[in-house]
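Note that chain A is present in both complexes that follow, paired respectively with chain B and with chain C.
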Partner chain A sequence: MSNSLVQVFNAQSVAVVGASSNSEKTGHTVLKNIVDGGFEGDIYPINPKADTILDLKCYQSLKDIPGAVDLVVIIVPAALVPQVMEEAGAKGAKGAVIISGGFRETGNEELEAEVVKITKQYQIRTIGPNCQGFNYTPNKLCASWPLIKGEGPVAIISQSGTVGATLEMWAESESIGISGFVSLGNKSDVSEIDLIEFFAADPNTKVVSLYIEGVKDGTAFKETVKKAGDTPIVILKPGRTKKGRKAAESHTKSIAGSDQIFDAVCKQLGIIRANDITELYDYSKSLGFLKKPRGRSMLVITSSGGSGIIATDVAEANGINVVDLNEELKKELVDVLPDHCVVANPLDLTGDATAERYKTTVEIAAKDDSIDFFLVIFGDPIPRAFDIVQELKQQTRKEIVVCYLGGGETEKEEVQKMHQHGIPAFPTPERAVKAVKALLNTKG
Partner chain B sequence: MSNSLVQVFNAQSVAVVGASSNSEKTGHTVLKNIVDGGFEGDIYPINPKADTILDLKCYQSLKDIPGAVDLVVIIVPAALVPQVMEEAGAKGAKGAVIISGGFRETGNEELEAEVVKITKQYQIRTIGPNCQGFNYTPNKLCASWPLIKGEGPVAIISQSGTVGATLEMWAESESIGISGFVSLGNKSDVSEIDLIEFFAADPNTKVVSLYIEGVKDGTAFKETVKKAGDTPIVILKPGRTKKGRKAAESHTKSIAGSDQIFDAVCKQLGIIRANDITELYDYSKSLGFLKKPRGRSMLVITSSGGSGIIATDVAEANGINVVDLNEELKKELVDVLPDHCVVANPLDLTGDATAERYKTTVEIAAKDDSIDFFLVIFGDPIPRAFDIVQELKQQTRKEIVVCYLGGGETEKEEVQKMHQHGIPAFPTPERAVKAVKALLNTKG
Partner chain C sequence: MNELIARAKAEKRVLLEPEAMQLLAEYELPVPTHSLVTSKEQAVVAAEKTGYPVVLKIVSKDILHKSDVGGVKIGLNSKEAVEKAYEEIMENVREKAKGAVIGGMLVVAHAPQGIECIVGMTKDPQFGPAFLFGLGGIFVELLNDVSFRVLPLTKEDAEDIIKETKGYSLLKGTRGQSPKDVEALVGLILKLARLVEENPEIEEIDINPLLVYEKGILAVDARVIL
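And now, the complex of A and B:
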């Protein structure tokens, strides 16, 4: 099944049915995002009332397009969708994205069934209806919104367009990037199961991150996750409370199912379960960039004593070992660090720590074999923070997680550089430590 | 005791002993921040080797200053501090801020005792040593770093300069502002107890937010909190685990104490306990802007179905009631909203929600008496989001909390406007709901 999705995500020609010249319409936004995203294949706007949109020649209908059409993006009133799907089938389209709403979610089950029938008849892989499209950055194909261009390790699959878009925007602003984003909508054909299969096999994807409100087919879901091998999967699924479950069921008209059972399945299959949107993002970041550390012993290097204490507390509460420094390492550090530094774990370089002091420390610490991974905390705007962690990375094969407190321009730029080089950085020690915990809980 | 702090925070003349013309030195940064912060009183840099710094006339020592000096900020080597304090006493200074380190925290207990003796002899209220100074925005007096100028309802008291500065920077970037920031340092004289007393009585402060690693005097602490009356107090205190406690004790050379006892004291006194830096910030925001709602019934108005479900789940898990809509309200809403909206709680206006649809909804919902407070979720960049919540605010006396997902420029600007008008906005539904929970747990 997933092979067919490979052709959809790597489409070489796209038609946008319902393309609009009105910049407030979705039919405009999506066409513009495909164009501005840099898609290198053929783009065909379909609108019987326009000659050109965004300088592209418009066609009356799919059948008027001279060449082949791999993917059809549909943004027309629900009642017109079956006819467009018929034309897409006749045209030999491999995939369709139905952004239009007005199907099962509003009680129009028959109309959706009609679309599903056409989908099957022509073997068109169909995303939606009632969705926010998809974005696959390796093919520069953003048939969705917002326009996100940065390539990265995270594939986002979301039953909520807004939650998915928020994750995309965070990833973009922090220079993490995404491999893909798919808005599930009504899952009339393509579901989370097909997408986990596709992204687990996708060489551009390192972690699959899902926001889902229910699973379509429990058995198939379990089989697919098992086959996903070492690709980590993170899931945020609400419906832990009775009212939350009721709200989920009314949103997607599907069965949210028992939360206990879902939780047990996650544990059994090594799925990392996020408790909130922030965790979903943070875990995706650490799983997208890092390998599972060989053990649970962490060294905290910090310029902020308080942040080191907070990190220690959260680590210990989460089964991460803030190991005592071995005597040799301690001795070496005492010899080179100023007297007011606290040579312990957390290793407190104190508020006047310079880039040089950090560098001296990481050079020595990198050699110590009792440490499995590093948490480096920057407490003040150190403009060379990226250089410091990059140097540590070059000297050790162990994983490095960064916490950069503050939030000013320097921090933002340094964090972006770290992400561009595969080092995850978090705004608080708590978030950094919990992201490592997620890493330790993976199957790998 | 706190009366004496009123004079310190409202000082009309400040001397910076150890002022430097080298922009990399703390003695430069602090002087510059006092100047750039717009302090309207007299500023005296003290540096025997300079004629002027930042265009201000330099003095050889405190005794050479012609006028009175209310506050002395000290950034000189530890060994010189007693002499400076003697001069400050002779000059009649009411307060001192000793930023210099090298006292009790590095084993120099005697030196610190000497300073304390002078402090008591001259009745100088002294903050520090080994601290990051203080900032009191109503007096435009930033004897600290970073320079934060925005006035707001939150007073930050922190045993970690970095944690405190991070909170300040977040508050600044979101246009929340602060009333004050005090870095506790070694607490040789002024402690969290004096500061809770001062800020609870300060008309510019609506919430007192603390990061502390230990309490100096348990009995006095309890008495002070009791006297703080309705001013809410939020505390982040690590040391929940054995290693966290050990690290805290080595950082501040004080006793972190039993976490269970501290927790019980918090519950007894109505102190809101934050579990991490993010919660400390979020709770400060809601407590700084809002009153305690009269009850636990929340209406969620959203354009994002998924976010509404997440909010419902977190609310229910935290004892907040996502009430069923009463029949009259339901009927009124069904009449005016498009068919595809979900008229329930969460009230899902769906992804195509316009500002008009939100406005129609809030106008009707504002009248309903079964609702105690509102959570308004914006899932897409709606440029008039602020107008919508402002309109709701004008039509109801009930509290309003906003969640604005995304993270683009539009969201940022709208959120800033909301904060400037006292409406707290959070980046995820989970954080918004938890911030309301903190509000419901206050004494008020």
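And now, the complex of A and C:
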């Protein structure tokens, strides 16, 4: 059943019902994003009052479209949605995205039930209603907003359009990209369960990130996550406090449930739980790009003493071992490093550190079996940081986690290059360390 | 369906304490020696057979919190003490739980001091049976130091639910204290999981206190709600 989501996300033709020429309207934004996103299939705006919108020929209704329509995006008043869905069914649409609100979330249960009935009758996989659409970058199909084009390994599933859009925008501005974004809305048909299943099997996705306020079906949720196998899943589920839970329940009419029990479920299923949007983003980034170290012993190499200490504290509090250096390794490093370097863990290469000095250090330390991975902190404007990290990543199997801060314009350039080449860089030591913790807590 | 559960269900009531203990025992959870009696004379006979000191507890489907109505007497060291306690409990219950149907009284062997823990199961509307573990007293009451796991429960889950609590350091043995029988505790949680899986009619279980010793454990008090 859910396999048909493959056809929905890979639609070759899209109709936008309620397309508008008014640039302030959602019906315009969505159509424009599909066009500007570079969608290569057929695009059909439906608007009985316009001849063309964005230079595309408009149609009176779905019936009038000459060819097939795989996906129907609906942005019309709620009362008109059932009729549009009927037409979509008659047209043989495989999927629908109902952006319109005014259903269960406003007490209009009957109208939603009517839509669900049509959905089932024609077997149309339906996202929403009351949602922000979806974006699937491998198909250049952004039936959503904002327009995000960069392809990457992270799939975002969100019960809040804004939380999802925020993650998309961070991913876009850091050039790490996304594979997809789906706004869940009222989950009248497609729920997080179908989407976990789809993205876990999607070759373009390496990590599935969710913002959810409640789980619709606990048993199905557990089974789907188990079947997702090695694809890591990160979840931000608020409602940890009594009032937070109440707010979640009134937002999307979700049953927030006991937070302690949800936490237990996550632990048992190997789901990584994020506490806030930043963690959700960082964990997705590390799980999407880094390989899991074989153990928890970390060597911190830094040009900033303070950052090294912060990293050490956060590591120790999170069960990551900042190992004492072997005497042999220490001796070898003392021999090659300038006298003012502090050869310990954290290893302080000090403020005049060059990319070369980092490289030498990692090359020597990589031979030491007591170290599982490196946290490399560039704490000053250090050019060529990207070059040496890329080289080192090819030389050693030990994972290198990068933190870059305090580096001004050089930092911006180097970090961008890293991100464009699939090397994640974190902006603070604590975020870098927590991102590795998430990686270490994944199953497998 | 388990016979005890079927009977209680037919009578629309929770399991009485002796029934709860029997159910636990059927699944090899260790419970103290106990006998159900319906007279003062029987109570004395049972106490002498069990060996002093003993505990006397009221058995009634209408009384959920026995201590609140003066339905429990502990540390009874002699025939006289048992007789006196029996009378006092009957009087207390008549006064504080008017109209309660009395099923008799339970004579329970005194349990030596151990580390008090709580093990329970509640049904989560989304994820089904969820198990709780915590150390008794302030750990649960003041610090909310409890941990949860849901079915199906692996051995690793049963270990983690214990190790995750802060109170675990007490079980591990700190400040010269000897380590306690965590392995038996893990075993009990797994047996309880089996009990819950095989008896879906059970809505809630509360084993409180569960005493943990250097060697062995004892489910001193158990409540089973259908």
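One rule holds for everything that comes next: the second predicted complex is superposed on the first by the 441 of 444 C-alpha atoms of A that agree within 3 Å, B and C clash if a C-alpha of one lies under 4 Å from a C-alpha of the other, contacts with A are read in each partner's own complex, and residues count from 1 in each chain.
Following the convention adopted for this analysis, a contact is a pair of C-beta atoms (placed from the backbone, for glycine too) under 8 Å apart; a residue touches a chain by one contact, two chains touch by 3 or more.
Values in this document were obtained by computation on a predicted structure and should not be read as measured data.
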Dominant contact partner of chain A by residue count, chain C or chain B: B
Scan A:310 for contacts with chain B and chain C and give back first, second, both or neither. first
Contact-wise, after the overlay, does A:217 reach chain B, chain C, both or neither (first, second, both, neither)? second
For A:188, using the defined touch cut-off, is the partner it touches chain B, chain C, both, or neither? Pick first, second, both or neither. neither
Where does A:297 make contact in the superposed view: on chain B (first), on chain C (second), on both, or on neither? neither
When the two structures are overlaid on chain A, which partner does A:135 contact: first (chain B), second (chain C), both, or neither? neither
Does chain B (first) or chain C (second) touch A:263, or do both, or does neither? second
Given the complex with chain A, which residues does chain C contribute to the contact? 124-128, 130, 146-150, 157, 160-161
Chain A contact footprint on chain B (complex, rising order): 101-102, 105-106, 132, 146, 158-163, 165-166, 169-170, 173, 211, 213, 236, 238-244, 247-248, 250-251, 275-278, 303-310, 312-317, 322, 339-340, 342, 344, 346, 348, 350-352, 379-380, 405-408, 428-431
Would you pull the chain A residues touching chain C in the complex into a rising list? 214-215, 217-219, 221-222, 255, 257-258, 260-265, 267-268
